[in-house]
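Two complexes follow with chain A in common, the first pairing it with chain B and the second with chain C.
Right after this comes the complex of A and B.
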């Protein structure tokens, strides 16, 4: 409904222009390149928000367009973060270790350096050896490949098992929740090889760029996130524009009917699930260096539920809706939970937003679902819909489906 | 002559209730066939079996010159093998345009990757427009199909069926909700389609069936009660008793 040929064609360039304007304005107001009106920490918040918008676009593809309510996509996001985090941590530790050993009278061997790095990284979990999963951590290209490969493979295998046995609807949602919960619990264990509940930290310090202030690095990441969002958006818009978009929306509305047209529905679902898992992984790989730390709590089931809430509030089934939802809710959430929102004194009770924000979010989610299923993005229809109304409605005299059903 | 579809000794029961009982049915490559029978006779269930939606408890369903068994194939494989279906309740993709509905049905490779890179050529677009003309929806081609009247949706679904270029069409109650003039047009469409492929039409309206002018199979309680020309079956006392007489 929301995605007519007209709006689809127009919304992509409009979105890209808005994004470009945002990047320009933020750059001009940033510390290193402009007036400094935007603090480095807020710049990081904006950069992270763009990454959340990207994963929301992925969520919209898989849920809003294909009708698969995945409540596990933040697991792919977190995995992407872990994959880049491993290299960031390894390489930075290596530089520090190399520096401290450089003064030693006998130059250290490679083996000594590696074991020194290992005891630095794994000291907190009582180990001093590299687990197998770190075997590529020394190489940025390999670890970048894993950012794509690990979430992609997990999505592929999980999706293949689930779709092949025709798990749909609520059962699929529960299964994806189980997946992200299992992954999170596994990572919490110290012997998972990823530092248990400590997670990976210090990720904001980019190896080799220690001479640069955080303000500059943050600006670079902001630009990188904006570029990734733009490319992800264009890719998603391309996917949903043609016959592929028709077929996946058909699967969303009536899966069986699409099968009877001869389309292998499972293959389409698997494709969308895997591609969106990869997009989520890339978004995570850009997010966590800006956040500075990742731990297993990031993969908790609730994170993926939030993702669905953002997309629902923004308006699913339209890509800009997902972006608006993610940006709006996560920024408002930062404002409320960051203690910036003024408390409301009711005399007998004081509403402190840090505690009450989740309830407000829950209530808005329920209200949007009931009163405005099109979400915030639905507001954009009011203008276009009115213009289209002139030519709609069946020809005079012919029966409407409900009347003629019997 | 070899048959296109041969259903032999098929039975299905739902929770102990025999919806299809030792049914045998066959149809040739370019034959038009009407199937009639009282409510609950198993007409729709028969189509469910052929299209792979319902797996029978026993019996065989063989397809084509090489006698492939349809029972081992998935719904989409059966559709790709050349079995097209129109549902009793019209099911078109309501939030997509008539054009998009027809384009989706158009006979093309169905895999995700070829669909992803597919962009309609001008021949394809012309073909879709021609089909829309045949089903009387040329003026509605850019409208959302959810905005069509019930009869128009029926036609759109018939158009989607034609677009698939199947070898066998299973058409469940195509005339429901249509005005008499629309019914006549539907008869013409089906008769024309039957010149190039096999068509099975389920219909309750006896005038409609008479106009099709083809062999008629009467189903009752899940098996064939009578088969022959329309005059033959309508004079059969058993058929009058269970179906026409009421």
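Right after this comes the complex of A and C.
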């Protein structure tokens, strides 16, 4: 093997091997293919977590490596989910409608089928016509294309507007947050064409696979999510390892200086922003069929901030850090809020973790930010005895050249 | 006692004439007696009607009483209305009564003199119980007495009665009253009411038109209620062209397929006037086809092929030509039928002059309404702007002056609101509790702000993005803490009663006192902040640190202390804003979250580091949001969406906000 990006960064092959082992173990322990030690619902949680890891990798690329703190990537994630959800819902309703109309003495016309589907889907928002945005919902290939195109286009247009007017730093963060809020408020309207706050539901039922048990479908989605994460990780590792990676890290550390060197900074930022938006969209398209329901609350600004929190806790500026952060925080969060964590009895007051988990998360997040900006990923530096003198990241005196060779 | 009445009516109705005469004779002594006073005589004259007590026939009796001019007539009517007129069974005379000592004993009071004329068992009396219809008629008759009353309150009550249910007969009474009225307010009110009634009941067309014209630009709801019925229309379909000289008051001719009359509505009018056969809709066609399946075929077409509209039409035409089903109107026939008929809309008011006058007046009213609504909208926008200003000004100080994004700012607002709530639990007087809560909220959030600055933010001054995230961590922790302490349901923060109600200028322009108070509070804070920043030593040092922290430190300013105090000040103002916002919004743990993005937008649009910029940003955003809501009133969510889009585009034009800092500080 020559000097490829895979060998230059030891972390990438290690990560891929770990992922492969995880997939193998989970498959062997799953209900349809193994011992059944892992329940279907936990299998779904694992599959969803892998999708969250993928969007965290995208977030790390845009924040940890390019220095753009985007508070809008969960909006792209949600949009991807909506795009696939439209086809899932349309096709499933079509099958149900076709079945119920099959018994009629006169076979239904295409128009009748479509209007029956529309009144099924939009009855809850008091409408019975398909809005324009559903024009491709009948076709899986077109809707799959939209999974990539819609978040990508939104990221492209928004990024172009923002970067060309040189909005940077916290301004950009607030602007992305405003974009997310605008999008979720828009989707909350009943006449947005996406069922308002009802969102899209029943997405776990894959049309045409109704004969298969959910456990099998969950396993397929788990495999799909793992594959997507692996490909996304390899892609991200490839991006950050070459010259391109050096330029975007340069932009993160001192944008003006990179610009003076003659690099088209806006182009680089726009590329990273758009590509990560697309990755987020794909992750969302894999996530929501496993979650079963999507509604505008999923796109609220807070979701994107949580994404940043995961990456920060995991350790930004290193791809495996983002994955660890997303997996760790979301799984621990599920554990605490699911009521499985034991209550702590203090005598005068019983700490119920359902109520106190968010406080613990908030406080530990603050502590991580102040005391351990490397996040959980920093532990690996301790283990490999390669202690850094300074931190990575856009801050004064951070580590730059060695990071590229990591 | 009701059955007694019914029985009495029955007896009178069934009684043979002779018997009635006999009874009349037995009453003769009473009627004959010379001392039967006028009012009693009048009552006796209409006794049968009164006893019959039917809404249809009672009118002459009431009119006679009302127009008799007798001094006691009013008292009789009022008592009658209130079911306090009694009739003696033995001779049919009417009395008022007053309770006497002893079981069921009452004093009889003579109507004319008001003197007690005897004490009897109430079993010997019948109480008159007019039904609600009759009581309404009596009320109408009483109005004229009320209008002549010496007491202005009574006259006002009379006017109100007319306003509620105007009748033609009231017009004369009202005109008499206007001439005699001494109270200017009442006279004006009566005069307006007279004009309003002239619109409907005026004697001549000219008088009515004049009355209609006199209301130009009057935004009162009552005017529109009087005018709109004049413009009521009905629709008619006739064969052929519309007449050149229409008989009646033609409003307009409708074209089928226009906005006012859709094509199918027009055809439905034809069908209901029996001028055309019913059209065939898809479901009727389908059931007709389903009913005629023969050997898996309909009209010769296999059932399986009937999955297109064209095939179904062909099958139906085949059935119709075979005579199995009634032929349906085809599209071409519908068009032809619509073409050969005219659709007319007539005013129900026959006079064209009146409808024209009403239209002119309504047009001018619309204009006045629009301008009033515009003024109201301006007030709303101003109030929204002051709310945004209050919510954002603390942020403008911390973000603008220190460059620190405080995501927990919204939670400081919430903290202030909850402080107000807690104070109200201990101080029951709302006014005093508000006076206590405002400084206390400032103190609490000032302390929280200082603690946040000391514990978290000072470690992150050179890492703005991480400050954002760390304060976000604080924000979720504080929100959850508030949820754990106060629960998820909304807590009331009640405004003192002098803040209840609204300041209204007319029917449309009004603004609640709470919003006025918030506007005043916003102005006070603007003045306060400007004073602190421009006239105090602290302000001088704050400005120095803003412009160049290192140079300021070199001049001996303790920048660390200034940062702490600035942050405390900004947070404290958020607390006071929280009390103000809590007065009109629900106090929940998510109270602040709703304002945080808007606050950031206000600061960013206004321009960082400048109080005037924040003011400009708040005004711009407040007015813009209200403007969008006005264009699309049903949808405030859309308004927010468009507003955020607008802000994103605005940043394109002015990336540093409306009031941009210049020089070195701009890059800091």
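A few comments on the model shown:
Convention: the second predicted complex is superposed on the first by the 374 of 406 C-alpha atoms of A that agree within 3 Å, B and C clash if a C-alpha of one lies under 4 Å from a C-alpha of the other, contacts with A are read in each partner's own complex, and residues count from 1 in each chain.
The rule we apply is simple: a residue touches a chain if its C-beta (ideal position, glycine included) is under 8 Å from a C-beta of that chain, and two chains touch if they have at least 3 such contacts.
Quick caveat, the model's predicted, so the values are computed rather than measured.
Shared-chain residue A:308: touches chain C; no touch with chain B. In the superposition on chain A, A:253 makes contact with chain B only, not with chain C. Shared-chain residue A:342: touches no atom of chain B or chain C. By the touch criterion stated above, A:169 is placed in contact with chain C alone, chain B being left untouched. Between chain B and chain C, C contacts the larger number of chain A residues. Of the two partner chains placed by superposition, only chain C is touched by A:370; chain B is not. With both structures placed on the common chain, the touch criterion links A:264 to chain B but leaves chain C unconnected. Contact with chain B, but none with chain C, is seen for A:244 once the two complexes are overlaid on the shared chain.
On chain A, the patch touched by chain B and the patch touched by chain C overlap at residues 393-395.
Looking at the complex, you find that chain A touches chain C at residues 63, 69, 104-112, 158, 161-162, 164-167, 169-171, 173-175, 177-179, 181-183, 185-186, 188-189, 191, 301, 305, 308-309, 312, 355-359, 361-363, 365-366, 369-370, 373, 393-396.
Those residues of chain C lying in contact with chain A across their complex are 282, 286, 289-290, 293, 298, 303-304, 306-309, 312, 405, 407, 456, 459-460, 462-466, 468-470, 472-481, 483-484, 597, 600-601, 604, 635, 637-638, 640-641, 644-645, 647-649, 651-652, 655. Residues of chain B that touch chain A in their complex: 51, 53, 74-76, 79-80, 84-85, 87, 89-91, 93-97, 100, 103-105, 110-113, 115-116, 118-120, 142-144, 147-153, 160, 164, 176-177, 179. For chain A in complex with chain B, the touching residues are 1, 4-5, 239, 242-244, 246-247, 249-250, 253-254, 256-257, 259-265, 267-268, 271, 391-395, 398-401, 403-405.
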